Amino acid sequence: MSHECRVPVRQVHLKAGMTVGELAEQMGQAGAYNGGALYRAISIYEKMLRDPDVTKFFGLAGAMVPAGMGGIVSDLIEAGHIDVLVSTGANLTHDIIEAIGCRHYHGDAGCSDIELRHEEINRIYDVYLPNEAFIRFEEFMQGTYAGLPEGETVSISELLTHIGSRLSSGILATAAKKSVPVFCPAIQDSMIGLQYWLFSQTGHVTVDAFKDMPMLLDRCFTAKKAGAMIIGGGVPKNFILQSMLMTENGFSYAVQLTGDRPDLGGLSGATLDEARSWGKITEEASAVTVYGDATVLLPFMMAAVLERLEQ
Amino acid sequence: MSHECRVPVRQVHLKAGMTVGELAEQMGQAGAYNGGALYRAISIYEKMLRDPDVTKFFGLAGAMVPAGMGGIVSDLIEAGHIDVLVSTGANLTHDIIEAIGCRHYHGDAGCSDIELRHEEINRIYDVYLPNEAFIRFEEFMQGTYAGLPEGETVSISELLTHIGSRLSSGILATAAKKSVPVFCPAIQDSMIGLQYWLFSQTGHVTVDAFKDMPMLLDRCFTAKKAGAMIIGGGVPKNFILQSMLMTENGFSYAVQLTGDRPDLGGLSGATLDEARSWGKITEEASAVTVYGDATVLLPFMMAAVLERLEQ
Amino acid sequence: MSHECRVPVRQVHLKAGMTVGELAEQMGQAGAYNGGALYRAISIYEKMLRDPDVTKFFGLAGAMVPAGMGGIVSDLIEAGHIDVLVSTGANLTHDIIEAIGCRHYHGDAGCSDIELRHEEINRIYDVYLPNEAFIRFEEFMQGTYAGLPEGETVSISELLTHIGSRLSSGILATAAKKSVPVFCPAIQDSMIGLQYWLFSQTGHVTVDAFKDMPMLLDRCFTAKKAGAMIIGGGVPKNFILQSMLMTENGFSYAVQLTGDRPDLGGLSGATLDEARSWGKITEEASAVTVYGDATVLLPFMMAAVLERLEQ
Amino acid sequence: MSHECRVPVRQVHLKAGMTVGELAEQMGQAGAYNGGALYRAISIYEKMLRDPDVTKFFGLAGAMVPAGMGGIVSDLIEAGHIDVLVSTGANLTHDIIEAIGCRHYHGDAGCSDIELRHEEINRIYDVYLPNEAFIRFEEFMQGTYAGLPEGETVSISELLTHIGSRLSSGILATAAKKSVPVFCPAIQDSMIGLQYWLFSQTGHVTVDAFKDMPMLLDRCFTAKKAGAMIIGGGVPKNFILQSMLMTENGFSYAVQLTGDRPDLGGLSGATLDEARSWGKITEEASAVTVYGDATVLLPFMMAAVLERLEQ
């Protein structure tokens, strides 16, 4: 029989006070659907973080910082679990907003957006962000951009390191401190980009769209192995996965948490198996996609992985 | 300002060995998207289970037993946390299969279904169930049906109690032991139903489709308050929510975990707010929908609720 | 090469005034994702309707009648394109409501459900239904039930034929007129069921939950071939697919339009390939699932199929 | 009564040979769920295209060109219906591939990706693209990049115009011919970008990430009104919507076709109402989101709009 019926599904039994890792074990023994996939994601990510030969990529898409997920990412950088970060501009914008002391707030997804507009509150699903945060953001960004080397050419990651080095907490600050490069190919597509446009009306610094590529590709060529943890899809997912295409190798580990779905054809919801056909991940790669909301999946996965790493 | 920015989103920070309840607190302080909704679901369900005046309904749809979620349900019944269970026929079929000693197995969603057919393995996404389970199921069911009172009329819940009283573990067994009624309006729509058709070619027992309604409605009329925990949508969701329609009251607590979505118009994905317009749940009801896969959400929610109930 | 690259994707070009069938041809030549699947659904359903040996099942789940899709179904019955209809109780409830002259209304999904409650309007996503419809529904149903044969036992389809024969338009009326049986396993789970409970406090008619099974199974055993058009999932999908399980055969044609997804494990979103492992559909069956909202997919598919049938 | 029940849902009735516009009318009179939303999208887009004061933005995300949707976009540019195009790099890569004579092929989403890898076929859900296309792509791109002005600084849209002017069909070719600017903020995140990295090892041209911003913002400041048609989400959606933030105005028309969903918090699935809180679209804007697969929704919507424009 080629399809073995060997490992039985075990019914889940819970107990009060169990750790996240213990709960994950229960879900792994049940082993089905996205609960089972989440368990496999935990196992793959643990293995990837323990493997000393792996260059560890992390992709961050979706409005994760406004939802409080930025803390997990900066802690991962601090702990040395991220070697290369690829992010959307929006997550970095909201990271700066928190780092300069502004806050996002618990809100209501069912409210009147026209009323919110009158009250100068911006909505991100059920998170509110007062407009005044952008006033302070503008001040900070213009001051920061003013410190760029007039007349010179910088890469996007250099621009982000410049910003991070002037902050004391959050993703950009920690990445700057730990010398972890942050790539953000679509930097223009964010408030960071709009502020840069404002600055560029008087300042004269060139941000070279491709200047980061040699450094990124060098890392890919020199990596013994590569691993990717991908939150959401979008530019970060594709930019990470395509980066190994130029080398002879692909990713050996890959985990994706996404709320998208495969049948629409877009890369964000594509299975990681599809990536094998392209050679983006290797034939033997340990890879799994967990479908769902990263505000549930990411904290769960990371708490379980941290518990395992301490054992 | 009518939309207050008062409770800030707190960035999540994890630590190794934290309990599920501690993780839930972190997600509650972040408070956004489905992670925030899951925290609210935990709080509402805790309050509902602590409230001595509440008649506690539980709806079970989706292929939950093959995925190992049946253990959580039978434990809830055992602990007295379910007063009325409404289930699909499929979940009860798979519950019987496990209770008579057959097993579901970890499988692969990407395999060839034609090969599986040749190997006599039935697939439920990434769960395998060998055909031989249905041979043993048939034996058990025919023996059980033979014990029904010839010539009489029974309700569906009586039929299910009859089955459960002949089993020693699982949902139906525990419900029978604890005298918790199990409603399954579409009992015909399951292997239990197909087996009944076989039995009825020689046996003469009438299963009255409506005989359960008076008992159910009596419970609704006499309930001081009502609360509903709904896994998935389908018949169980609607049957529970409509049950209070005939009374002056509605549900005071309602939690739904669903993978469906509202914009398609179907009841399975409908928001619980929509149920307020019908009066199915009260205007003041504490209610929340968490969107996602119940194989992740249900164990997480229940482990956190159990931890709180012990405090 | 085992995976041939033979049929190229053709870029879609549109022109003003094209028929739905012409548009479908364009989508078929593109051939990708759900647009391609929709084209295959059109081709399979056309073939199924043209095949004189096929017993044609139709499954109706989701709130389709409130969204105006009931007209398509009654027209299909009228045209002889449905031999067996399996529906949720809710669709039949709303069909009766329209047939007795009440209307559903264009509404707003983003309104206040508490205000709607005060205004006695029930909401189904962005459709409104005034409460008064249920007053007229109650009158009609109680009068109709009063005409049932006191003291006797009826099947659910007989009950529905009894109702349909007292109406002059809509699904139930057309089915009664054309002698198409309507199965509704979970009839209790609907306003039709709640009204029956009211009636049963004085009336004495037994509705036998299983009395329809022999007729349904007879049709399955005598069918030369079987075909299934399935709108949504739920009880109708499973009840149709399981019906052939007792025979040596399975469905030869199957089309499903669903807004659900496979990875959650539930039957509603399960692929039709999964059904091959069970033998519900044959190994060689022409089968396709189109993912999306049936209020878009169903009218599009049917208009294209009708156009082909006239050619 | 503040929530009026005024426009009744009309049951859909179809007839053979109806035009797409006639079908759309039926769906509009039904008016519910995404079928109703699609009708509103048709009406809004028609109005937007007829309004002489509107600067017309078009956002293109998702793997649309491999699915044959590129033909619709190039026809829209040809017809003058797009003033500003914002695209992902992937769509432009596949547009170039088709323009240089390579083809995408109808494939199978359920095949073995490892076998495909061995056969040098890349998979995009159920579309196949042979590797050899990328060999010809490389030749074309390196030749094209060699024609860039050595030592100078260009913007991304200038780079894309340079490419388009060397092609004779497709999106980039038509845009170049019609002087429609194509913005692609994340150009590095595509094969176009990887080829540029190759070129840059010998060539010396600087691509300034921000050089497009003044031209884009000028268009926003001078637009009497702005309208947006957005396919999918991602960078194109955000980049278009944020572009008006710096002006006093917002978009007056906005239509989005997306397979994403709001509750995950990401911008791709966010409602257009959410964009009102930010002022990205105006309070009075005509705006609608249709949820579903663009390979169904886009051809349907456009065929209906073209039919209306001819009337």
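In order of appearance the chains are A, B, C and D, and numbering begins at 1 in each one.
The rule is simple: contacts are C-beta pairs under 8 Å (C-beta built on N, C-alpha and C of every residue); 3 or more make two chains touch, one makes a residue touch a chain.
Values in this document were obtained by computation on a predicted structure and should not be read as measured data.
K.L.:
Over half of interface residue numbers shared between chain A and chain B means same, under half means different, so which is it?
P.N.:
same
K.L.:
Going by average Cα coordinates, which chain is farthest removed from chain C?
P.N.:
Using the mean of the C-alpha atoms as each chain's centre, the farthest one from chain C is A.
K.L.:
Between chain B and chain C, what is the separation of their C-alpha centroids in Å?
P.N.:
From the centre of chain B to the centre of chain C is 25 Å.
K.L.:
Measuring from the mean C-alpha position of chain C to the mean C-alpha position of chain D, what distance in angstrom results?
P.N.:
About 34 Å, centre to centre.
K.L.:
Rounded to the nearest whole Å, what is the centre-to-centre distance of chain A and chain C, using the mean of the C-alpha atoms as each centre?
P.N.:
42
K.L.:
List, in ascending order, every residue of chain D touching at least 2 other chains.
P.N.:
Residues 32-34, 66-67, 110, 116, 121, 124-127, 261, 263-265, 273, 291, 293, 295 of chain D touch two or more partner chains.
K.L.:
In their shared complex, at which residues does chain B touch chain C?
P.N.:
61-63, 66-67, 90, 109, 113-114, 116-117, 121-127, 153, 156, 185-191, 193-194, 196-198, 200, 206-210, 212-214, 217, 232, 234-235, 238-239, 242, 245-246, 259-270, 273-279, 283, 293-295
K.L.:
Help me check something: in the complex, which residues belonging to chain D touch chain C?
P.N.:
Residues in contact with chain C: 1-21, 23, 26-27, 29-36, 38, 65-72, 74-75, 98, 103-108, 110-111, 115-116, 119, 121, 124-128, 130, 273, 291-293, 295-297, 299-300, 302-303, 306-307, 309-310.
K.L.:
Going by the contact rule set out above, which residues of chain C touch chain A in the complex?
P.N.:
Chain C reaches chain A through residues 32-34, 37, 110, 261, 263-265, 291.
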